[in-house]
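Here the chain labels run A, B, C and D in written order, and each chain numbers its own residues starting at 1.
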Amino acid sequence: MLYFENDYSEGAHGKVLEALVKTNYEKLSGYGSDEYCERAKEKIKAACECEDADVYLLVGGTQTNQVVIDTTLKPYEGVVAATTGHISTHEAGAIEYTGHKVLTVPEHNGKMDADELKDFLETFFNDGNHEHMVFPGMVYISHPTEYGTLYTKNELANISQVCKQFEIPLFLDGARLGYGVMAKDTDVDLPTVAKYCDIFYIGGTKVGALCGEAVVFTNNNMPKHFTTMVKQHGSLLAKGRLLGVQFDALFTDNLYCEIAKNAIDMAELLKKGLANKGYRFYLDSPTNQQFIILENSQMEKISKDVRFSFWEKYDDSHTVIRFATSWATTKEDVEALINLL
Amino acid sequence: MLYFENDYSEGAHGKVLEALVKTNYEKLSGYGSDEYCERAKEKIKAACECEDADVYLLVGGTQTNQVVIDTTLKPYEGVVAATTGHISTHEAGAIEYTGHKVLTVPEHNGKMDADELKDFLETFFNDGNHEHMVFPGMVYISHPTEYGTLYTKNELANISQVCKQFEIPLFLDGARLGYGVMAKDTDVDLPTVAKYCDIFYIGGTKVGALCGEAVVFTNNNMPKHFTTMVKQHGSLLAKGRLLGVQFDALFTDNLYCEIAKNAIDMAELLKKGLANKGYRFYLDSPTNQQFIILENSQMEKISKDVRFSFWEKYDDSHTVIRFATSWATTKEDVEALINLL
Amino acid sequence: MLYFENDYSEGAHGKVLEALVKTNYEKLSGYGSDEYCERAKEKIKAACECEDADVYLLVGGTQTNQVVIDTTLKPYEGVVAATTGHISTHEAGAIEYTGHKVLTVPEHNGKMDADELKDFLETFFNDGNHEHMVFPGMVYISHPTEYGTLYTKNELANISQVCKQFEIPLFLDGARLGYGVMAKDTDVDLPTVAKYCDIFYIGGTKVGALCGEAVVFTNNNMPKHFTTMVKQHGSLLAKGRLLGVQFDALFTDNLYCEIAKNAIDMAELLKKGLANKGYRFYLDSPTNQQFIILENSQMEKISKDVRFSFWEKYDDSHTVIRFATSWATTKEDVEALINLL
Amino acid sequence: MLYFENDYSEGAHGKVLEALVKTNYEKLSGYGSDEYCERAKEKIKAACECEDADVYLLVGGTQTNQVVIDTTLKPYEGVVAATTGHISTHEAGAIEYTGHKVLTVPEHNGKMDADELKDFLETFFNDGNHEHMVFPGMVYISHPTEYGTLYTKNELANISQVCKQFEIPLFLDGARLGYGVMAKDTDVDLPTVAKYCDIFYIGGTKVGALCGEAVVFTNNNMPKHFTTMVKQHGSLLAKGRLLGVQFDALFTDNLYCEIAKNAIDMAELLKKGLANKGYRFYLDSPTNQQFIILENSQMEKISKDVRFSFWEKYDDSHTVIRFATSWATTKEDVEALINLL
């Protein structure tokens, strides 16, 4: 069986695991106050070229979206996302659970358009009844998006500009950020993300860690008493070291980006193979998630030999499926998949 | 100045007020346990021809939507509404505040389509990832809708049928229900509403009361310990008599429907006058809310003499506005408005 | 049957009702933006000698506690109350429903002690683990308390002083405030309350109105976008006039205090009568709630002729019960009660 | 520096870590659906002699308390705990954040008394006003308690009996359960816990794992759609294997209990040493947490060489401090501590 179902099928990258083993018996203080957490934070700030940042380590993606959005929004505010944003669709209502509405704008290959965002915000503030409506209090984008696509630097700058105009913070979900910054031809690197976003996170779970997401508040804008609120959300890890040691390893010698590059290389190889065999792409993704349209009977057939993700019904006889590569995908795996198809 | 801004500009209908005055010094027990509340409930059950109903009196519309939806849904469920549903747009996120997502289906002149609803529910339950999504746990419709339109008996039956198929309760927001059941040519009366809905409410605030909405749980399906949850939501009135006395009066000698009829008659008169003068309707509404498209400068001009509601921008030079009649609108008011236009 | 069960058995005071009748057909704008609301607010500010106040009218007591506390606290904060505070015991968890803990300090005849409050706050802030605990973010007192007792000016000043020291707002629940300020020998009048509290409310429901509580934010400290949050809590009344007209009447010619005085006079008469007959008081209450300890069989016996409130078990053979007078209690009622006992 | 601050200073037990390393590159499905999770669950059911159990693996203690309590309680219910219960004091309001009150009964060396619990519940249900109060919907105990003390089998049976009588589930917080069942002279083992509790959890974080708590629903009473609600709370781990592999290792060859025994042995050694030197115990704890009363200047002095937990002020010149042993504590550490004191 081949596994292209997702990018979290394996444990941790070897060097991350090694760091956990090596530090295992050190006696460290709890709740993220240990020296590895400190070191990880400093390295992340350096990698983002963002000395004013507050960095905070959390366990998982939905948790991070929930905690960051709930603690940043005012009670009467909601968060604006694309209709396909992860928080809009696949987080079981984790944002609404905290009392906040997810307001939506149209998506274009998973991305939000700065002009449409501006129009949405203007319409809201010009509406004489807006005191009876949910105030837009944050803009949420994901990069790469849920469809593997990427914003350009210019697009990010435009969205950021709209946010600044309306004094609304911009939050970037970087659950797969490594795969974004290592894509070919992208002009968005970590410092660019840090420059244009008020808050973002660097995903570890999908990029080499057992678990962990590093939230970066880019201008000392971490909410006051954040640790208390993290605990209140049930999200404070007693052994914060588990996150600190992993991110310390991931941000040593550029490991995070290097291992992300493997996923991109493997995705490029897969794309080429798929194109050669005449497969039809649902959209053009420059990152580790590749979406193709398969005739249903063919989908049935290959499901015996390879695991992939069902994405959505395309029409009555076709389905969109996703193949995901990761830091752990090997050339052999990809070649086997191409041969199979 | 003429007032066609909404249907809650005046206090209470004369007979309702009279009942409050007449009963004012009677010593009654609190929290809705008095005899007037009991009597009102019995009369409402009779008017709805629904002997199995539990009736509960609450103060306002958003409150009623919030309390009913939150206490009926399971924690992992959301409520399905049309994109233009009141709970989707103009309740300041009151549903999300209680932790539940408002899931949306397309609207057609403010109405939900049974087939599209069915498709939405099928897609959800067929999605292999639906355990990561918000479960649809209730269907919300408004009748009349936010655009004054009405479901036919057949349409209600179809939506009800879909709900039954998926074992999801159907909830009807009847903030203006009186104006719905008294519309010309409708085949939906109170017993029809009670037959097809699991829960609905009969709006008092907009139909002759100072405040108050009567929730009808049509098959003894009021949630257990409902009073405690009403109190927990801050919605329990100490002097429940205020609601009981008013609904007792409104459901004596068919008063509720009779006074609603006045709003319909006045709206018909207004429609005819507007049509004669060549005004363009945004849609055809059979109830007390009439929407017309005005050129912006004309809108400006008439705003000196008449109050109306801004509804939405139509295009760069036109706006949709709403005129509302009510139980209190007089023929003189309507004629003055027509003359003015 | 005699009624001493509570102070909300009747409808509204005659003058309040008259004002509702008189203004009934005036066409007024919605949601509290009408002129009667404005006028009521100005009169309340004048009565409190507090020109910097923001005044907001809400419907009921639990609702007011819930909305004010939730919108004032930060997410990681709770509210400090006496163990017998209404929010601690008899509001069905309405505060916790909004996500906030009610932290408790001991009660003394229903009152909080300034020194014990100070000790509680010092202990919290000195505790090295307090980042893992709920921050005290507001102090709640009721005046009169749930036991009818009153703070002195000096006691209020001391509690206020502790709050200022810890930069925590002081909120006073004045559901029965009228009965408090009109008690004999009290040195706390409305301006005193306004001077020492950051927020308080003037209860209408129990003092002559059909419903309604007037919240006073004493130093322009009403939370931003308060109306939106009131709506989000399901607490915004469409016909805000219902509250405005009533409070306008209650604060015309000192009506609110005058009618409250009747309850005090009747309570004094009752106290004297009870004392003469040798009844045992549970505590000394200077306001309209009187608590006596009855032998259980005697309690049974009188319950056939008079309605009172069961308060709490005293011991195996005795019970604490409450008699409440109100603006509507007559001398005849009290005399009949005394004769009965 | 000696470390007796807590029982989560080190990483994972060697065999747990080894299992993580060994399985690291296996491709496993996500969200706890992998074979290691399955295997761990089966082993836990066997260790608890509870074949009807549903077992679910979560990340941390506060998270587990929050998710279990919120998903088990009905909306109008609160949870009953001792005043010193972890959820009452040191979880930053995580229970109230989900809308539920923590109701309290007195503590006796950290424990709840069955008779006092019964009295509390009887008083509630006999109170004529209880519809205005928070319903007790679950009983929470911790074992070992926050003071290291243990319930006897008989005490557990009595509390369980009271819960059954009132049809309220009993939930046991076993964050340190290993140290409880391995204490000398206890008659409470895992099957006993499973027999008397409706829900409990077996703490991994403090007993040999990097993170993880195994919740046991003892009679197939896991709430429906529990995974969706776990995700909604932000608590679903993508790489569920992290928990599965660890608990699989901990429940292989009785590892969990064996390593817990070390903490007990070391605590016994420490107790003897402390007693020999005449130290004063705050209470008698049979588990890995030992509380002593120190004169403040002495506390200052030893704090240079040993880390411990400040517990609470005893009087003006004395403080209660806690020494904790763990699975990782060595005899050398304990001897060094005794020598130091």
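In the analysis below, a contact is a pair of C-beta atoms (placed from the backbone, for glycine too) under 8 Å apart; a residue touches a chain by one contact, two chains touch by 3 or more.
This is a predicted model, so every value here is computed, not measured.
> Taking B-D as the reference interface, identify its repeat among A-C, B-C or C-D, namely the pair sharing over half of the contact pairs by residue number.
The B-D interface is reproduced by A-C.
> Select, from A-C and A-B, the pair of chains that is joined by more C-beta pairs in contact.
Counting C-beta pairs in contact for A-C and A-B gives the edge to A-B.
> Whole-Å distance, chain A centre to chain B centre, using C-alpha means?
Chain A and chain B have C-alpha centres separated by 41 Å.
> So the centre of each chain is just the mean of its C-alpha atoms; given that, what is the distance between chain A and chain D in Å?
Once rounded, the distance between the two centres reads 34 Å.
> What is the distance, in whole Å, between the centres of chain A and chain C, each centre taken as the mean of its C-alpha atoms?
For chain A versus chain C, the centre distance works out to 50 Å.
> For chain D, which residues are shared contacts with two or more other chains?
Only 76, 91-93, 97, 99, 131-133, 228-229, 231-232 qualify.
> Quick check: in the complex, which residue numbers of chain A touch chain B?
Residues 76, 78, 89-93, 96-102, 123, 128-129, 131-134, 310, 313 of chain A touch chain B in their complex.
> Please output the residues of chain A touching chain D within their complex, sorted ascending.
Contacts found on chain A: 3, 5-6, 8-12, 14, 17, 20-21, 23-30, 59-63, 65-67, 91-94, 97, 205-206, 210-211, 228-229, 231-239, 241-242, 328.
> Give the list of chain D residues in touch with chain B in this complex.
70-71, 74-76, 99, 131-133, 135, 224-225, 227-229, 231-232
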